[in-house]
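Pasting the structures here.
The following pair of complexes shares a single chain, chain A, combined with chain B in the former and chain C in the latter.
Then we have the complex of A and B:
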């Protein structure tokens, strides 16, 4: 069986395991919903990593998607409408910003994204009249496709939507990365000049990936807003962007499962570390990242893929 | 024969160094034109100006009757001009086959996110191309695992995958071992002649020039100092002393 097939099988098994975990431990449902949402955002970051570009500001789009839900919920109180609205908003803003940042590479790309996310953070914090500043905005109870749901059913529904989106975006990213568009991302990393001499605009290739990644982050933000029902400017703070990059390194950028493995691991380590050693959970996460960088450059997925390949070769 | 490419009065200087000092050159359809000259004479600069990597400070470049001076590389390649590089510019994390397939995909302009790069039609075309270059046995090997000579061939194969009408090659045989050089150029010349491609190539090996060029242009200090058939140019005592002599000791 090829690694691609195994990846597909693992995705389905992983989805089943998440449902089982949410059924047997109900409080985990919320944690896993957030993990899936962050996994979707990190999947977008992974597309940019394929081109060798690290965005230190993608929390901007997570926050934008979340605030789109918060602002629109009073007039459009249905998750089935808010999710596409958040995706559209972030796609449009992602295109406008992408037209600018796709001209830059490496540290300039990363820092420009960071700067823009901090500008957005400041706007959310300062324009209190519209954004309620650091207090944030409460999201009213939402219907799903016109149905009013009780709290537990609502939680299950948002979890289900997050899982379906994770599977959908994961499947799309797999197809995208195997296409010339996706392969050209790796070409940007290794020999961008050659692309130009083949008649391909590297900037357009990167822009397409950037808009996709912004849209994915926007959907993640929308899911977070629906799950937490409260949005604050902290969603756009630089540490939130750093968290996404952290998850990308932890999970590994070699396959579409990496972001989700990283996100679930990150959220579980964080929850259990915070519960057992409340003052030291950041230290534990830091130690985990250090171990990954020193001993598993390909992240969790890299380790898993290597083991599977060795088993296949044996 | 009619001119496919015409350069008129091309000028470009880097600081005080004149890399192009009034270059006038017409490249005829279906010919193989060799460019020879000492290092720093402006040979690569000429290729860089024609392919849009450098913008000349003066003069014009006309291709198939249309002026292309200063246009961007990707506009120029879409008009039918491709190039290979002195240092092979391969996508190192891709296999040889994927490198060729990316060039084919680029030529066809099909950038659908739902079509795999190695879809059967592109894979077949890539393999057929690699076969013509004798690279088929290495099709699934990563580009960064190839030796220099093979990388050079793969680099040219990628340019040929774009189906150009004019191909500019910067030192196509450098890095190729002496024992393989003639076989490599033989293969290359056959592929290009079959495809009816006009070729301009910068070359330091005079045996290769004598055997494969239809005409030779001699570059020196940003100028063309001699132009004509290889037998005439290579026998010229001035060229032998000023250019070939230098190159033999280079």
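Then we have the complex of A and C:
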């Protein structure tokens, strides 16, 4: 079996394992929903990482998606409508900002994204009478496709949507990365001038990936808002962006499974660290990241892929 | 790519099946067995700037749990605590809340220092049908925007905590004409200013606001603000800041003698007094988000207060500050509610619903007074406000000329919106403020 086949199989197994875990331990369902949502956002970051660009500001789109849900929910209280609305909002904003930031590379790209996300954070905090500041906005109970659901079914539905979106976006990203557009992303990382010589516009290649990644982050934000039912400006703070990059490194940028492996590991480590030593969880998370950087530079997926390839070769 | 699509459908089906197979509700109605331990989940700040409140709160909780267990527990059952850090954000907090309720099966949750956390946790506690005691957060929005069956507050809220210092100022220094405000730029800073401004416009119309300064949350330098305040010479400077920012602001203002020009009103400064030492001069107005003060002039039970203060000092090597009293109130209310619920249940262990039913109208002892929880879940807590004075007994400023505001005077009546209620106040309200009490010795 090739690695791509194995990846597919692993995705299936992983999805099954998540459902099983959520069934056996009800409280994990929520944690895993959040993990899947963050995985989707990190998948978008991974697309940009392929082009060698690190965005330190993608929490902007997560928060935008979440606040879109919070603002629209009173007039449009249905998850099936809110999700596309949030995706559309972030896609539009992502295009506008993307037109601008896709001119820049590396540290400038990262810092501009960071700056814009902090501008959005300040707006959420300062436009107090509209956003209720740091106290945040409560998301009212939502229907799903017109159905009113009780708490447990609602949680399962959001979990189901998150899982479906994760698999859908994962499959899409795989196709995208294998396509000429995706291959051109890798070319931006290795030598951008070569693209110019081929007549391919590096800017539009990066812009397309940027809009995609913004949309994914927006969907993630919408899912987070629907699951937690309360949004605060902290979602767009720079630490939230850092968290996404952290997960990307932890999971590894080599394959589309990486972000989800990273996100699930991150959330589980944090929950179990917080459960065992409530005031030391940062230290434990930090130690895990250090170990990954020192001993597994390709992240969790890198480790896994290496082992699978060795076995394939033997 | 047919396969991934098939796969989404399959998982969607599996998710659907899961919802059918899963038990629909957690809280069974069958008679409840007496558990081997009473589990309490406590959400508090263990990291970040607000840990100046969160860690004392945790220290107090641990101390009180040990004391309760030494005395045989609550209803004969020892208590066990689970702490959750509020600092990582709402998604983590809400996840941990679920874990504690669904996995650890806690009997009651003590929720939150941050108002945002409270606003997220309270509806969740209601959905999970778990008694949620709001032990420290300030926002008045909770019970004014919605009714809850499982959420109760064992302390006051922002409205009395800001209205009381304003009334105190009007009683003790009535001749002010200009006011400036310096608050942290986040929800509490904005909310508390709105309360003060609304009340001041009703109680003392015509007072001029000369500056509204909102330095960013977490600021470490206030020199520009101090310069501006020195130039403007307002009669009164209000600041509801807290923690490191308040400490820094007090020190920087003291260095440049701003305290000599204006009267400061610092409704949360009780929590900073010991840390800033003698930097805070005499003659300024200090509050404590309640009637919390280790030198309380008229505690309901002087021995109990002294014991609480001494035990806490022995444990934490610092005087207790308001979150520790708030924690004591949460424990005291839980004990009283539990006893009441057990009595109503014929001496049997109460269910979640029975425990919740015991809270409205409940009376319990705080370290300094006797408190009541109103029918809407809001706690009625007296407010103690004083003026700073330096004595030989303490290496920091303490309170003198203290006024203890009865809760009925300063709390928004049940079912009313705070801002709307504040607009209806009239200047003669000041006449109903009790007389100041001087510090003993």
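Rule of thumb we're sticking to: the second predicted complex is superposed on the first by the 314 of 314 C-alpha atoms of A that agree within 3 Å, B and C clash if a C-alpha of one lies under 4 Å from a C-alpha of the other, contacts with A are read in each partner's own complex, and residues count from 1 in each chain.
Here is the rule we go by: a contact is a pair of C-beta atoms (placed from the backbone, for glycine too) under 8 Å apart; a residue touches a chain by one contact, two chains touch by 3 or more.
Being a predicted model, the structure only gives us computed values, none of them experimental.
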First, second, both or neither for A:133, with chain B first and chain C second: second
Touched partner set for A:175, first chain B, second chain C, both or neither: both
First (chain B), second (chain C), both or neither touched by A:25: second
Touching partner for A:15 - first (chain B), second (chain C), both, neither: second
Partner chain(s) touched by A:193 [first = chain B, second = chain C, both, neither]: first
When both partners are placed on the shared chain, which of chain B and chain C touches more of chain A: C
Touched partner set for A:229, first chain B, second chain C, both or neither: second
Contacts of A:93 with chain B and chain C, given as first, second, both or neither: neither
Touching both chain B and chain C, residues of chain A: 175
Chain B partner contacts - residues on chain A that touch it in the complex: 172, 175-176, 178-184, 186-187, 189-191, 193-201, 208
Residues on chain C engaged by chain A in the complex (per definition of touch): 1, 3-5, 7-8, 11-12, 14-16, 18-19, 21-22, 24-26, 46-47, 82-85, 88-92, 94-96, 98-99, 101-103, 115-116, 119-120, 123-124, 127-128, 139, 141, 185-188, 190-191, 217
Chain A - residues contacting chain C, complex: 8, 11-12, 15-16, 19, 22-23, 25-27, 30-31, 34, 125-126, 128, 132-136, 138, 150-153, 156-157, 159-160, 163-164, 167-168, 170-171, 175, 224, 227-232, 234-235, 240, 267, 270-271, 274-275, 278-279, 281-282
Residues on chain B engaged by chain A in the complex (per definition of touch): 51, 53, 72-74, 77-78, 82-83, 89-94, 98, 101-103, 105-107, 109-117, 158, 162
